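Should a chain be cited, it is by its letter among A, B, C and D, assigned in written order, with residues numbered from 1 in that chain.
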Amino acid sequence: MPKLKIEDLEKISDEFKRTMTVREGGGKVKVTVHMGTCGIAAGAREIMNTFVQQIEEKNVKDVILTTSGCAGLCSREPMATVEVLGQAPVKYVDLNSEKAKKIFEEHVLKGVLVKDYALSIGSERIQ
Amino acid sequence: MKSYRLQLMVCAGTGCVSNHSFEIKDALEKEIAKHKLQTEAEVVTTGCNGFCGAGPLVVVQPDGIFYQMLKVSDIPLLVEEHLLKGRPVKKLMYVPPKEEAPIPKMSNIPFFSDQTLVALRNRGMIDPENINDYIARGGYKALAKVLMSMTPDEVLQEIKKSGLRGRGGGGFPTGIKWETCKRIQSDTKYVICNADEGDPGAFMDRSIIEGDPHSVIEGMMIGAYAIQNICEGYIYVRMEYPLAIKRFNIAIEQAKEYGLLGEKIFDTDFNFDIKVRRGAGAFVCGESTALMTSIEGNPGEPRAKYIHTVEKGLWDKPTCLNNVETWTNVPPIILKGAEWFSSIGTGDVTHDAWGGSKGTKVFSLAGKVNNTGLVEVPMGITLRDIIFNIGGGIRDGKKFKAVQTGGPSGGFIPENLINLPVDYEELTKVGSMMGSGGMVVMDEDNCMVDMAKYFLKFTQEESCGKCIPCREGTKRMLDILENITSGKGKEEDLNLLEELSNVIVESSLCALGGSAPNPVLTTLKYFREEYEAHVKDKKCPARVCKQLLTYTIDEKQCVEVGHGCGVCKKNCPDNAIIGEIKKAHHIDQNKCGKCGVCYDVCRFNAIRVE
Amino acid sequence: MSTTKEKSWSPRIVAFLCNWCTYTGADLAGVSRLKSSPSVRVIRTMCSGRVDPTFVLKAFKLGADGVMIGGCHIGDCHYSEGNFKTLRRVEMLKILLDQYGIDPRRLRLEWISASEGDKYAHTTLDFEQQLRELGPLQLTE
Amino acid sequence: MITVNIDGKDIQVAEETTIVKAAESAGIWIPTMCYSELFEPYGICRLCSVEIIRGKRTRIVTACNYPLRENGLKIRTNSPVIQEIRKVLIELMLSRWPNVPVVKNMAASLGVIEPKFVSLERDEAEDACILCGMCVNICRDVVKANILGFANRGIKREVVLPYEKMNSECIVCGACAYVCPTGHIKIKSLDYERGAVADWYLGPKTAINIPTLQAVPRVPKIDEESCIKTQTGGCGICSTYCEPEAINYEDKDEEVEIEVGQILLATGFQLIDLKQMPQYGYGRLDNVYSSLEFEHMLNSTGPTGGLVKCKDGSEPRAVGIIHCIGSRDENYHKYCSRVCCMYALKFAHLVKDRTKAEVYQFYIDMRAFGKGYEEFYKRLLDEGVNMIRGKVAEIAEVHSGSDGKPYLLVKCEDTLIGKFREIALDMVILCPAIEPQFDAADVKKIFSISQSPDKFFLERHPKLDPISTMTDGVFIAGCAQGPKDIPDSVAQASAAAARMLSLISLGEVALDPVKAEVVDEYCSGCRICNNLCPYGAISFVDDKKISNINEMLCKGCGTCVAACPASAITGKGFTDMQILSEIEGLLSI
């Protein structure tokens, strides 16, 4: 291990930032994939994997990804909720991995709502 | 860099480890692999979470779901429901006393939400055996800051301004200590971290070391930089903390690998190295001079401190010794500034370093409260807040009686002082002290004489025996207390206790003897009537002192409900119970040894105690 | 040889004795009134190392029945290591004597210190007895 | 200098002076029980607690180790608070050690007669350890042996040696016993090992002593084995007290090389180890002494002041003196040690003179050969000494005496009356044989001389030259040459000295002419001789291509002469020609 320089401190903390964001439960955007039995049957795991991949590919640090149970609208699964800090959560329905990718790029990263896939804004919150 | 969707923070503090938290960890990893979730979820072992009474603990992040009192058999359910399906498992969550609904999120549990974390800032967040975790949480940035942009004097002024005072007990202003040590001319100086935490039931320092060893190391380095001419640092850890020793050694090793310890740190002229020394388990070695003689390889006995250790300490060289918690507080002060730190707490330290208590203090909350564990609170918080909010009140709805602060030589604080703000001066005023942060809560079932005896027995046994007042005096006090609790007390004993206590306080060589009588003095002050009950009426109001109790058998209950079962007779070691099967039994008071076995074995509630 | 001649015959022994040990030892034997062999004819050398092999051969040639070399004990040589050289030479001489048809037992090397008068006495007597058993040395030209 | 105020008196003291010393200079008494100027103040008895007043704040400190640093400090040594503290402290001590004089006296001087405490650890002993730590401190700080220490915590604290055993690191300096205020520490008198005569001979000693009162020169010396300074580097007290600064710890035994022309070996003798003869019980039975030990006992500067006493201090009723222990004995030494008969007679005379004891002499032959000796023997016979001619077989200890006192039973055959006898004695003196020194063989080698069969050094000639050796310039005298008494030793030594002086006065030494010489013409330059010479006297002359012998180095052994294949080397006095002629001559008859 080479001797640490001042800059290296930043590098290391940058590298670990995503992990820390998850541990602190913070993050600018929170994506919830609904993974009830219905969701999983409809392909929620694929959606989840897409989001995980996207986070890694784009090297995003401040997005946290979480799961929840059935949202009650089983017919429109797979579903996901995107909640940008300080804004109302948005629910997306009938997702596939293409759609998930687009939602990630547009809404999660840029903050632009993808109206085509959205079900509603401001639904119940997970608590 | 692999990123995980989920982080499972398994508490690996000593409390949880002894409750098999490593088995929980293994079970989690096994289950995760079974569900092929290993790419999504990472299991991390952390230092002590603080809520030791609820261990073993797992916190699932990012949701912040707090699972408590886990068993290995709970794990498959937890993994399948929460990790796979995203449904947090209610039955494994924390339920506040007297309530039914669980609180899923850690941040909403009062035990956690009412705390302010400075010393414990990284608790439950990092893997203590991984330096990268510490750095990712801003670690060693304070060191970089002082080395790059601050002169030693600036660092010193910052610490002085912050109002930080020693967290080990005495509350000596840290800045002044550093300044004095810096002023003494010497080519060789030492810094020492006192991690010989010996108070029974107190484990603040252990928790910090086990959970965040690098913060201590960083604090020591900043101190060494400020004081200058420091050739080495020592960390004195008691042998009973093997995990702490291990984590310190790992941390030092990793810091050396990164070049954070050693020569030319960050390519500056600053050199520093740290050695770990293990204490052999003598309580008195927590005293600074005894600790230093112990490091030197001599029997750990204190010496007079008329010449301070900052002038002549380890190997007669100027030595700056601070407690673990004190050192840990240093990096945040540097990073966030003295103003931030002094905004927390009481009083004003701008002119008088002794004028206030700043920052936070970690307490280990124990005794008859619902939530026991480690709490960090801002100075000036009331005892009521700590005991009733964070601690969740008295167990089983009993009545609060007193709280003892400051370890075995601290004093007892009665109920009428419950609104006392917790800071150095206020605690001293009522006859107790901050100490290293022990806090033992007592309810109506505790006998104050017995409690005072318990703590005095501890200090008496741990007295090194060097000076007469502590060696002989505490033993005489204990003898008197033994007499009182066994019904042989005389009225004049109370005055004798007071006289002896005062002499011991005034004339002992070190703080151990000087504070040993505190439990007795404060109980005499606030609970004198209990002593008098023991001495005059030969009664123990809390029914604790067995020698003062009378065991009788309720004959009616014995015959009618228990049909004279004779179990008590069979078990009585003194053969004091007379009676035949199916007939009423009774106790021969002359023979009764007051052991209480009959009370414990009687299934029909027929034994009466008075 | 007739029996009478046998009786009257006594061997002739030439002894080279080192000045510091054996010669003094012989002197001590005399002073101590010890009986030693009268057949010994002593030649004093400063060191047993002075004994040239030719002296031994010459002695046999001139009619000696036995030759004895006496020196200091190994390690006690007055000249530190002269007797080591003697030791080597005697080994060599014994092989040579055998080739000449002379019984090597007729040559003796003995370490006798200055204080060992008795050893000198009984060694010479013993040597004389041995030579008696071997009989006179008969060399053909 | 700073000014402090003690009990109202202004006192000027140097900075860093302790309060105890400052008070002492003002004539104010402060009680102490663990304080000594010899070491760093320990500060554990706390009796010296005093109040110091700084502005409005009053603090209690211990006077023994509080350094005065600030001007105008007020000190109260006897305020009511202080009196109360001292009283309680001494009561605590008195309740535990009620009978120790120093505690009792201190209590009395502080006005305490009876303690109000009851100690469960009460120790009635008058010499109980009061844990003042003086012994531990002196051992660590002054002696620097650091052998004593405290063990256990709290009330169980005690002073111990490592592992609570007598430890070899302890140099038995006695400092701890010296400072112990209660007499708790006692130095166990170490029974002398009687085999080690020298130690016993010098008796119990301090680190600085005059070896014996008759020592020459009669000056004190430091005994390295018991001096604390040389053992541990501590102490050094003597040098601070020696005004002429005559003490030099650095002085050490050293080897000095001196070039001399002649040497007289007078290395003396040793006595036979009596322990190899268990039948006499030496070292096992009390009151069996060697003659040297007895001689020491008779000496007025000896352990008994010249009185003849048994081990238990009583006067012996009967004393036996046994001759020829190891001398005239086929198992040990065949020779006679020559001196025993006469000193044994002297012993008998002195025992008769100083006690009422019966004296028995067990002898083989009485050898009173010197001038006046026979007369002395006759006188002894008249004094009534019992002479028993016979060798003692065994000495046994018997416990069945009428007074219960054990006695020694000596069994021997009296050859004069032809009877086996058993004689009861209280004390037996053995006359051990004189032996050559144990390292005589090493000395012999160094000087290239010889030993006789009895291992004494061998003289050049037993009759004609009993003082010189085979090596020129090396002479012998005294018992190194053989057992002899004082007049004989003096005579031999004087003769040797005279011989040496005569050589010195001559100014030159005649060398033996026996040398080897190379005849240049014959030398073929083979160099065989070069390596033979033990003295390196032969060198090769490069330009002539022949060997050359340095006459000064050559000792004339002739080894090279015998080895030269060309017969080019001749030995003066022992030429080939000469020796061959000798052979011819010898064999011509």
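Quick note on the criterion: contacts are C-beta pairs under 8 Å (C-beta built on N, C-alpha and C of every residue); 3 or more make two chains touch, one makes a residue touch a chain.
Just so we're clear, the structure is a prediction, and the values are computed from it rather than from any experiment.
Centroid distances built from C-alpha atoms place C farthest away from subunit A. Mean C-alpha positions place subunit A and subunit B at a centre distance of 41 Å.
Subunit C has its Cα centroid 117 Å from the Cα centroid of subunit A. Here the CA centre of subunit A is 93 Å from the CA centre of subunit D. Centroids built from CA atoms put subunit D at 52 Å from subunit C. Multi-chain contact residues of subunit A (touching two or more other chains): none found. In subunit C, no residue touches two or more other chains. Looking at subunit B, one finds that none of its residues touch two or more other chains. In terms of inter-chain touching, the protein chains here are arranged end to end in an open line. According to the touch criterion at the top of this document, the contacting chain pairs are A-B, B-D, C-D. By the touch rule above, subunit D contacts subunit B in their complex via residues 41, 43-46, 49, 60-62, 65-67, 81, 84-85, 88-89, 92-93, 95-96, 116-121, 131, 133, 149-150, 152-157.
Contact residues of subunit A toward subunit B in the complex are 1-6, 8-9, 12-13, 15-27, 30, 32-37, 40, 48, 52, 55-56, 64-69. Subunit D contributes residues 445, 448, 450-453, 458, 461-463, 470-471, 514, 532, 534-535, 555-559, 561-563, 571, 574, 576, 579-580, 582-584, 586-588 to its touches with subunit C in the complex.
Per the touch definition, subunit C reaches subunit D in the complex via residues 12, 14, 20-21, 24, 27-28, 31, 41, 43, 45-47, 49-55, 58-59, 62-64, 75-76, 78-82, 85, 89, 113-116. The residues of subunit B lying in touch with subunit A in their complex are 1-7, 9, 39-40, 42, 44, 61-64, 83-87, 107, 125, 132-133, 135-138, 140-141, 144, 148, 257-260, 266-267.
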